[in-house]
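Look at the two complexes coming up: chain A is in both, with chain B in one and chain C in the other.
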Partner chain A sequence: MVFSSTVFLFFFLPACLLLYYVLPGKWTKNVVLLLFSLVFYAWGEPIYVILMILNILFNWVMGLFMEKIPGWRKFILIVTIVVDIGLLGFFKYYGFLVDVFNSVTGLSLTAHKLALPIGISFYTFQTLSYVIDLYRGKIRVQKNPLLFGLFVTMFPQLIAGPIVRYEVVENALTERTVSLEGLGKGMARFIFGLAKKVLLANLLGVVFESTGVQAGPVPVMGAWLGLIAFGLQLYFDFSGYSDMAIGLGKMFGFDFPENFDAPYGAHSVTDFWRRWHISLGSWFREYVYIPLGGNRVGIVRHILNIMIVWFLTGFWHGAAYNFILWGLYYGLLLIFEKYVLLKWKSMPKALGSVWTLLAVFLGWGLFLCDSMQEVGTVFMNLFGASGSGWISTNSVFNLLSGIVIVVIGALCAVPFAKKLREKIMTSGLVAVIPVCLVLLILSVAFVVTENYNPFLYFRF
Partner chain B sequence: MNKEKLVYSIFGILAAVLLIGGGVLHVVLKDRTYSEVEKRGLTAFSDVKSAPLADGSFMNAAENYASDQFPARELLMKLRMNALYTLGKRSSEGVYYGQDGRMIEAFEPYDEALLKENAAALNAFYQEAGAERFYFMPVPTAVEMYPELLPASAETASESAWIEEFTKELEDGIEVLDVRPLFRVLKNAGHELYYYTDHHWTTEAARSAFLYFASDLGWKAGTYESGVVTDQFFGSLASKSGFTPTRYDSLTVYRNLDPDLVTLVAHPSTGVSGGSFYDLSKLETSNPYEVYLGGNEPIITVTTTADTERTLLVVKDSYANCFVPFLAGSYKRITIVDPRYYTGSLSALLTSAKSTDVLVLYNVSTLSTDRDLKTMVEIE
Partner chain C sequence: MEEKQTKNLLPKMLFFPGLLLFLALFGGFIFYCLQEPSVKAANIEDVENAVLTDAFSELTKDGTDLELKRNFGLLRDDYEELLYRVPVNFMDVEEFLFVKVRTEAEAETVKKAMEERLSRQNEMFEDYGTDQYSVLKNTVIAVRFPYVYYIAGHEVAELHRLVKQETEE
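Moving on to the complex of A and B:
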């Protein structure tokens, strides 16, 4: 199920809220939330929901074993990690790995293409955070399978994050405040996210698709229009979804961590990655970078650590060469910044912002493709090497059709827009109600009348 | 209670009530079966109940049902379209929204190979028919005659180029009836040649085309009175694009005033026959344009008391539906065939409806992608 659908907005969520708020007792609330979350997941994966449930039971049991048999803790941890990653690898990377194996050895093994269970990249990382933090002693074991299940499957963050580590919700599972004020704040945040997704992201996606920048030769102007539209679409799509997740969490009394912090206002690439998909960056930092030694090692090892983390980050986004390349690209940029660029202490912020935007948007040129061939097409188009010239009537038509939403998108992406939203939500209270109502009605108009509504980060 | 808590508590309840209310309203209001605006059947609850769960089709049906039966759906569609229009959207599903609210269907770059195949089929038809007169009338659509009304920088292929290339392939015995010079004159004189919300030419345009060729081809001009049968027509392009029309179109029919001319129009596929070319009951349906000839059928046969031995075979698309009535006074029998619905062979047709004259009438947009005409010619 998706948040931006008629069934979710007018049937699933109302029913869930009604039962949650009306039925007394905190255990009933947890049961309601768990049941609704399973239905939410099963709606999109009627078969693979069983896989997820088994995965949850497995991790829960392993947590119990770790508690009961302390001498075997390391062994249990390793087994759990291997199984969890193995499952993820199997469903997500098997096809790709077979292709790589074939191209290296010259054989042609066939790979059965399995459909990727929705959200597996997200919930696997969440269960891993539990077992690893349990091993480290940072959290207490969760003996109740329902509570553990709730932690993993909670529908606000199940499908597309933020990646909520167990330590964040450990206490909230049993002790949290549920109030009308929380409901209202959650609703407001949810509506902002819905509007970002449905009004901005989807329309920007239309502009991006109209340019066809990865499909064939396109004039330079059309290519840059497409790239910019994509970068804005991706931001509003993903940050909108995170807003909705955080808003929904709040409605049920949970405080999820922020996942985006006006990333296009960053003044360095390093800064960008502290503001974009924050929960993923911090997961990799916590469970890969720091265990590898982080930056408390010699230069060579430090650089290696960075490249490993960024290889994995790219690979997490997709089982394809262009995503790996995208990750490594950032690894190199971050190393460059760390050891060269950021040594220049008095670099003007504006220059930093321009540098960052250029680096990030060129990076999207790698990210938006499905294959390395498309990457070639995109970059030839961007730099005028595809023989289509600078401009064409068709690209002018696309520009005219898309310029308004692109400008609106750009205005909404600057840090000032975020500050404005926060200001409305805290001190300009009177404006909250009409602004949110207008956004809600407009969003509903788009949701109800458009049946096709893809969310970009789904198959992760 | 401080202000922040109060405002958000109120808002929380308000928003929840809206969402709950939407769901309740949805359930309580009776389901509709058909959408006039979208011109399609709407998902029914029974479609949802019967769909299997395991492959996700239940979920898809439920989502479609929830959206299709949402209260005030049409109002929300209008809201969405107006918002999109404000943002600069001028094209939807291949239809441009031009100046004055005129909807114009784009002409896609055409398939050269298909053009040659269709020309060859037409030539074969001409040879096999052995008719005394063989006419071909390719009618351009609005995109060709009103390019200046398209939104800025809209680019489409050229129907004129298609006409030139196609007619070049035709045998000399085929008489090409080119309406373009006439249309340019009529356009400059301010006549409405096309509808604002539909892809057809107006009946006035059809009548003018008829009169333009009548004297040269020996057709009787006849005296007609015209009448508007509906002034609240919005047509194919409005439905296809989803753009909100800013004005309705009017549909006009022409009645022959010659007291000696009696016409019998027979529809073998429906078993109906009558004295009129027009089926006024269609005005109440989702496709009022079917008032002309009752719509598209495989074969329609017209017999008249016209004082002539000439007979006519018309092979056509829907553009001919408003044109054929003007030919009643010039032929004793007219057989109207639509290759998109007629599944027989051309030979069979030429035997059962051997005619002195043949008229092939298509609009260029349709003919450039049509495969049914050549299929009909190629069947043994």
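Moving on to the complex of A and C:
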């Protein structure tokens, strides 16, 4: 089920909120939230709810063993990590690894096509954070399986993040304030997110699709239009989803971490990654980069650490060569900035912004593809090597029909737009209610009438 | 003292059986996921009724023997049963071919013909038919002996689900 569907907006969410607010007691509210979360997850592919429940029970039991057998803590941690990563690896990378094996050995093993269990990358990272933090003594063991299950399955953040670490919600699972004020604030945040998704991301998606930048030869102008539209679509799609998740969390009394901070306003690629998918970046920093030694090592080891983290970041996004390449591309960019570019202290901010946008959008050229063949097509198109020239009637038509939404998207992606939203949210009901009402009416009108409604990050 | 020792021993005694139990459950689940569902005898008319949703029946029409030969290089009489739908508009890529074969060799021949058809369609739309090209990326070619099928179109996921419903246990 997706947040921007009629089923969710008109049936699932109202029913869940009604029961959650009407039924008394924390325990009852937790049960309601857990049951609705399981239904939410099972909506598309019911079979995988079994895998998720098994995964929850496994991590919960391993947590208990870790507490009961202190001498075995490290061994239990390793076993749990191996099983969790093994499951993620199997369900997400099995087909890809068989392909790699076949291409290396010349064999032709066939991989049974498995549907990707939705959200597995997100919930695996959440359960891993629990067992690792438990091992490190940062959190207390959760003895109640219902509360642990709720931490993992909570539907607002279950299938596309933000990746919520256990320590963030540990107290809220038992002690949280559920109030009408929180409900109102959460609704406002949800509506802003919905509008980002439906009014901006979906329309930008239509512009991107119309250019066909990865499908075949396209003139340079059409290719850049497609790339820019995709970069904006991805931002509004994912940050809109995160806004909706954070808003839903507030409605139920939870404070989820922010996942975006106007990333296209960054002055360096390093800065960009502090503002884009913040929960994933901080997860890798906390559980991979720092344990590897972080930057408190020699230069060669530091470079290796960065490349390992970015290889994993790319691979986390998808089982394909282009995602690995995308991750390594960022590893190299960050090393370049760390050791060369950012040593130039007096670099003007405007120049930094141009460099960042160029680097990031070229990176989306790798990200938007499904295969290395498409990567080749995209970059040939972007740099005029496809033989389609600079401009064509079709690309002018695409530009004229898409330019308005691209410009609106660009304006809404700058830091000022974020500040404006925050100002509206804090300026009292007189401002919040009319703005939210207009956005809600427009969004619902689009949800009801439009067919194009994918969530790009669901495939991760 | 003794009670405390027993208390400490119990988790250690339970750990490995517990771990094995979980591994067995995960293994069983993976084994289940990897199982091909068994094929049931399908009535070709039921398959036709199932896939002819409002949208698909509007976009496609019955394919002739000539079209089958031209597009796939196959002859209808060579196969036990066959259902073929072609797009009404020649610029569309909506297409459905469902063949019941007698032998594994026939299945292989039909599958190869379908792959070649898809490859030609991709080449044809690659340069100018952006929408068609992206739709073709999701084309399903599957062998579920004795059935072999080719499904292309905007509703491919739904059509595939319907075909599986008719052909799998």
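One rule holds in what follows: the second predicted complex is superposed on the first by the 456 of 460 C-alpha atoms of A that agree within 3 Å, B and C clash if a C-alpha of one lies under 4 Å from a C-alpha of the other, contacts with A are read in each partner's own complex, and residues count from 1 in each chain.
Here, a contact is a pair of C-beta atoms (placed from the backbone, for glycine too) under 8 Å apart; a residue touches a chain by one contact, two chains touch by 3 or more.
Predicted model, so just to flag it, every value in this text is computed and none were measured.
> Is this a clash or a fit when chain B and chain C both end up on chain A?
fit
> Using the superposition on chain A described above, determine whether A:P145 touches chain B (first), chain C (second), both, or neither.
Neither chain B nor chain C is touched by A:P145.
> Touching A:G376, do we find chain B (first), chain C (second), both, or neither?
In the superposed model, A:G376 contacts neither chain B nor chain C.
> Could you say whether A:G89 touches chain B, chain C, both of them, or neither, answering first, second, both or neither?
neither
> Here's one for you: vertex at chain A, rays to chain B and chain C, all C-alpha centres; what's the angle to the nearest 10 degrees?
After superposition on chain A, the angle is 50 degrees.
> As a test of reading the superposition: which chain, chain B or chain C, is in touch with more residues of chain A?
After superposing on chain A, more of chain A is contacted by B.
> Quick check for you: in the superposed arrangement, does A:F10 touch first (chain B), second (chain C), both or neither?
In the superposition, A:F10 contacts chain B only.
> According to the stated criteria, A:A215 is in contact with first (chain B), second (chain C), both, or neither; which is it?
So A:A215 only meets chain C here.
> Could you look at A:L114 and tell me whether it touches chain B, chain C, both or neither (first, second, both, neither)?
Only chain C is touched by A:L114; chain B is not.
> Now for A:V79: first (chain B), second (chain C), both, or neither, which partner does it touch?
second
> What is the minimum C-alpha distance, in Å, between chain B and chain C after the two complexes are superposed on chain A?
Minimum C-alpha separation, chain B to chain C, in the superposed model is 5 Å.
> Which parts of chain A are touched by chain B and by chain C alike?
In chain A, positions 47 sit in both the chain B and chain C interfaces.
> Over in the complex, which chain B residues touch chain A? Could you list them?
3-5, 7-16, 18-20, 22-23, 26, 53-56, 59, 62-64, 66-67, 70, 73, 76-77, 79-80, 83-84, 86-91, 151-155
> Under the touch definition given earlier, write down the residues of chain C that touch chain A in their complex.
11-12, 14-15, 18-19, 22-23, 25-26, 29-30, 33-34, 36, 126-128, 130-131, 133-134, 137
> Considering only the defined contacts, which chain A positions touch chain B in the complex?
1, 5-7, 9-11, 13-15, 17-18, 43-44, 46-47, 179-188, 191, 203, 251, 393-394, 396-397, 400-405, 408, 426, 429-430, 432-433, 436-437, 440-442, 444-451
> Show which residues of chain A lie in contact with chain C when the two form their complex.
The contact residues of chain A facing chain C are 47, 50-51, 54, 57-58, 61, 65, 68-69, 72, 76, 79, 83, 87, 90, 112, 114, 209-212, 215-217, 370.
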